[in-house]
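Scrolling down, you'll hit the structures one after another.
Okay, so chain A shows up in both of these, paired with chain B first and chain C after.
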Partner chain A sequence: MLDFLLFGALPYVALAVMLIGSIYRYTKNGFQVSSLSSQFLEGRQLFFGSQFFHWGMIMLFLGHLIGFLIPSAVLAWNGDPVRLLVLEFSAFGFALSSLIGILLLIKRRLTTKRIQMVSNNMDYVVYAVILVQIISGLAVAYYGRWGSNWFASVMTPYLRSVFAFNPNVDVIAQLSTSNEMALLMVKTHITSAFVIIGIIPFTRFVHFLVAPVDYIWRKYQLVIWNWNNKEIRNSRNYFPGKSRDFRNN
Partner chain B sequence: MNVRSQISMVFHLDKCIGCHTCSVACKNIWTDRKGAEYMWWNNVETKPGTGYPTKWEDQDIYQGGWVKNGDTVSLKGAGKLKGLKNIFHNPNMPVLDDYYEPWAYRYQDLFDAPEGNDQPIGRAVSLITGEPMEIQAGPNWDDDLSGTPDYARQDVNFKHLSKAEQEAMFQLEKMTFHYLPRICNHCLNPACVGSCPSGALYKRGEDGVVLINQERCRAWRMCVTACPYKKSYYNWNTGKSEKCVLCYPRLESAQAPACMHSCVGRIRYLGVMLYDADQIQAVASCDESQIVDRHLGIYLDPHDPAVIKAAKINGIADSTIKAAQNSPVYKFVKEWKIALPLHPEFRTLPNLFYVPPLLPAMASVSEDGKYDTVSEHLLTGVEKLRVPIRYLSSLFTAGNDQKVVDVFKRLHAVRVSRRNTTVKDVSESQLNSVMNDAGIDVHMANAIFRLTSLATFEERFVIPAAHREEAIEMLENTGDYKGSTGFGFKEKPARGL
Partner chain C sequence: MKLKLIGVSVSMALSSLSATAQDGAAVFKQTCSACHSIGKGKLVGPDLKGVNTKRSEEWIINFVKNAQAFGEKDADAKAMITEYGYPMPNQNVSDADIKAIISYIAENSPAEAVATEAAPATTASAPAAQDPALDPANASDEDILAGMNIFSGKQRLENGGVSCISCHNVNHNDLVAGGLLAKDLTKVYERMGAAGVNGILSAPPFPAMASSYKDNPLTEKEIYQLSAFFNKAASADVYSHQRAYNSNLLIYGGGGAFVVIASIIMLMFIERKRKCVKEDIYKRQIKSACSK
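This part shows the complex of A and B:
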């Protein structure tokens, strides 16, 4: 029953809340969509914390994405034990980097008076779920070898079944492994992932939904006109604008 | 030719008395809020000095502005590659202590203190943490402190001066300083806009005001780094960047911006400039030795029929063209050529121009122990000025001394010409030689004198109609709504019981 709630229902609740909430917040309250940078108040400690944390996090995210999109490639890569080890160790490294980063960030927030002034409860919730997520992820990698193989062969089909609206809870529920710890950690990792997704609209997590990818192809300069000068002053346009032209009226 | 209109400004530095009224007017309207206490969209600094934020001109520290890159320009410390790479932590961003920690005093303590032998005091408390603090710096901490080792001698512009030139500036008898009021330049090639990863900053097409869309800013804080003038600020409370809006709600209703309206020295002028937007890239990326000429060359003659025609094709309203023809900025910058951009080498093509300070003429003491105020001795040439030309050329012409000298010759000629009119002790030959040397005639000298000293409000601020009312025509067929309930109401304004 618990398994069904966590792996059959929670994903949908989380995704629905995330989608509706984020769209609502973005459209109705764009002013509150921000990374809420606190570098202005404290920059030195942020450097190590934020860099370690974010680069680790981005790499892990991309790694999970590849495992989800092209699991066969991951399995093929892992066919060679050396390459498997390279993958496992780098993933572990990125996770450690994130862990060190988030610990530095937590320390920074707790010990800097200026940062305290811009902290709210949700910041601590965010730290908590991220900690759970990273530590359980590290534990999965440690206890349940090899995580990358397992992700590609078990997790990806499960996730795809979720997105196909036909959640295959059994794959997770009936996971059998000799290592109890690994099982527990896998379940924690999945659950807290969906919790993170679910709380996106209520926390500063919104900032990675608006990651500025379009900057890469945008022109540098941006000029915005309140109205179209040429059209408005053209005497042939009786009523310019949505072209409710005189003749059609 | 792609003609656009730009609201531009001139600040006449000889007239600035350093009263900071402008800063306070701006603060009261725009930045008197939590998170914005430390921001001074308008600030006045003493030069030589380190300014606000400290050493803002030093792009080795802050990496602001553009650098030439072949036949284009790239951002020095931001942009697609550098900006996104540094997005998690921006190494070149000024932090609070580079500005100052804002504070208030615990005035209530003065009243509540128990009776005793000492005077009660109101301690300074930080407006950020609320804790008692030692005040380290303020928005004009170097005010009037010319010559001090911590401020004046740390001036970034001294890079270009020899040791001897620097020392000359600090000799007691020749000590000199002037004020430098600064606001956002609403640049033609704004580095802030170029650096914003989320596209929150933009230049308004109609009048060239540069704004930050608060709904789209995501606190990537790249504009703070990229603006070489440090005129984009980060609000630590809302998590959004903010900058000078040139009081656009006031401009749209034909009022001068608050800083300009309140300026006690009446040093400020505002008007329209027409420019050719097709040239921006070529001008911004030209050789540094040409940057002032090319920059001033981008502004078009509003009396030229070809320019007027091109402006009309671009839909620029007749009233705007007329305002451009009467623009005081056009006169100062193009006709009289006595106003220069601040730090043109940052390549943002700023639209705020400064008449450099000639600073007081120096009278010498004559043999009978009186001040010698005979024009011939008092108004000697620009060579005898107190302030080294090198210093000003580092501020206003990217190191081109001749350009500053040219301006000074004109300003000097205006003074000699006025002296001739009022005191009448200038010989004709002296007058002629000064005027010829400066390349102006009495007519122009009088015009400069008039707009500098006697100008009315309407002459100093020539603000075109914003034609905001026409915006509705883009959206609605006004005829359809004739006799109905009006535009602003969603339903019929029914009469109440």
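This part shows the complex of A and C:
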């Protein structure tokens, strides 16, 4: 029964709340759709925490996404044991990076007075959920190892069944009949993943939805710098369109 | 209108009921036959011949739906689970289907259901003894090697299924540590025999495994080669080394990877930390002013 609630019903509740809530928040307070930056208040600890955390998270997110979208490619890559180890080790490394990053960020928020002034309760909820998510993910990798492989063959069909509105709860409920620790950790990982999706509109998580992805392919910004600002103070030296070298004009 | 709708739904429910009832044979083949036979000896699970007279319908339904939970309440079920070493995986079949299966078993159990106890014993070895060329114990070295490559994923499965090593471990000198999600298969051949391995691989009874191989089943040849490998691995286990790194493999590897990742992040972005964003512009400004 609990399994059905968590893996058959929670996904839809989470997705519906995320969609409706995000649209509502965006239309109601569009300017608040961001994760209020506090770099201005504390920059040094933020740098280390944020770099480790975000690089780890981005890579893990992309890894899960690839496993979901092109599972056959993951299986083909993992065919050779050496490649399997390379993938698993680097994924575990990114997870450790995220874990260390989030711990640094939690320490920063708990010990810096300025940051506490701008924290709200949901920020602490975010930290709790993220911490559960990362630790359970590491535990899945450790106790139920070669997760990259069985994600492609078991989790991908489950997630597809969720999107096809016919969730195959049995697959998760009886994922393992012999390894209870791994089973518990997988269930925790999936549940907290859906919780994260569900609380997106109410937390700083909204910044996923407005991540400046287009920065990757946007054009360079042209910064025009007047090299000698003493000379151009005199308008006689400025003849637009002729030459950039003011001294020769 | 409402009455008409109810009538339609009731008739639909009835017709679906009768459809499943007729399909006892089909459901048995799909759900049970991987591990159970009727009158042909025990495979992975017991022979179901005459089970309809031995157990009540209610008992069978409870056992099929959740053997582990039922085993905690019922002494007979518990004895059964301890005898076979593990509980039967929960089956997602309706009561009507189970009843259809029971009536199918009843129809197909010969009248002398309570036969001599020697009869099943002789038939038990029958599937393997049928054709000595197909007995994995007589497999050639090539087949054993092919089985190992299929297990580790080096040789991809013909229908594109996932390799065994993702979830299972076999202790073998030539293999990396296998998955921990599902049972260790080093001794699987001793536990289940050729018939059991064949049954599970051709129609997996575990939901996660069934879903993995639903659209890309193993071929008969692959199953034979895997059985040959399992047979060899079980007998060679005594000679293989214990892997000292086994459980901490990921910790060491992941820790190493983290050091590399952290170094890359630092090398790429430490400038942002050390310098002000506008530092280059600022320096250029000073330089051009000084060069005057």
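The criterion applied here is as follows: the second predicted complex is superposed on the first by the 213 of 249 C-alpha atoms of A that agree within 3 Å, B and C clash if a C-alpha of one lies under 4 Å from a C-alpha of the other, contacts with A are read in each partner's own complex, and residues count from 1 in each chain.
One rule holds for everything that comes next: contacts are C-beta pairs under 8 Å (C-beta built on N, C-alpha and C of every residue); 3 or more make two chains touch, one makes a residue touch a chain.
Quantities reported herein were computed from a predicted structural model and do not represent experimental measurements.
Q: Considering only touches as defined above, state whether A:D80 meets chain B (first), chain C (second), both or neither.
A: A:D80 sits against chain C, while chain B stays out of touch.
Q: Could you tell me if A:P212 is touching chain B, chain C, both of them or neither one (first, second, both, neither)?
A: First partner only, chain B.
Q: After lining up the shared chain so the two structures overlap, which partner does A:Q221 touch, if you call chain B first and chain C second: first, second, both or neither?
A: first
Q: Where does A:S38 make contact in the superposed view: on chain B (first), on chain C (second), on both, or on neither?
A: The first partner, chain B, only.
Q: Name the contact category of A:G144: first (chain B only), second (chain C only), both, or neither.
A: In the superposition, A:G144 contacts chain C only.
Q: Once chain A of both complexes is superposed, is A:L103 in touch with chain B (first), chain C (second), both, or neither?
A: neither
Q: Of the partners chain B and chain C, which touch A:R114 in the superposed model: first, second, both, neither?
A: After superposition on chain A, A:R114 lies in contact with chain B alone.
Q: Check whether A:G30 is in contact with chain B, with chain C, with both or with neither, and answer first, second, both or neither.
A: A:G30 sits against chain B, while chain C stays out of touch.
Q: Please report the chain A residues shared by its interface with chain B and its interface with chain C.
A: 47, 51, 55, 223, 225, 227-230
Q: Across the complex, what residues on chain B touch chain A?
A: 75, 79-80, 83-84, 87-91, 93, 95-96, 128-131, 189-190, 193-194, 196-199, 201-206, 214-221, 234, 236-240, 280, 312-317, 468, 470-471, 473-480
Q: Considering only the defined contacts, which chain A positions touch chain C in the complex?
A: 44, 47, 51-52, 55-56, 72, 75-76, 78-81, 84-85, 88-97, 100, 141-147, 149-150, 152-154, 157-158, 168, 170-171, 173-179, 182, 223, 225, 227-230
Q: Would you mind writing out the residues of chain A in touch with chain B in their complex?
A: Touching chain B from chain A are residues 30-31, 33-43, 46-47, 50-51, 53-55, 113-114, 116-118, 207, 210, 212, 214-216, 218, 220-234, 239-242, 244, 249.
Q: Chain A touches which residues of chain C in the complex?
A: 86-87, 89-90, 92, 152-154, 156, 160-163, 165-167, 175-183, 206-208, 211-212, 214, 249-251, 253-262, 265-266, 269, 272-273, 281, 284-285, 288-289, 292
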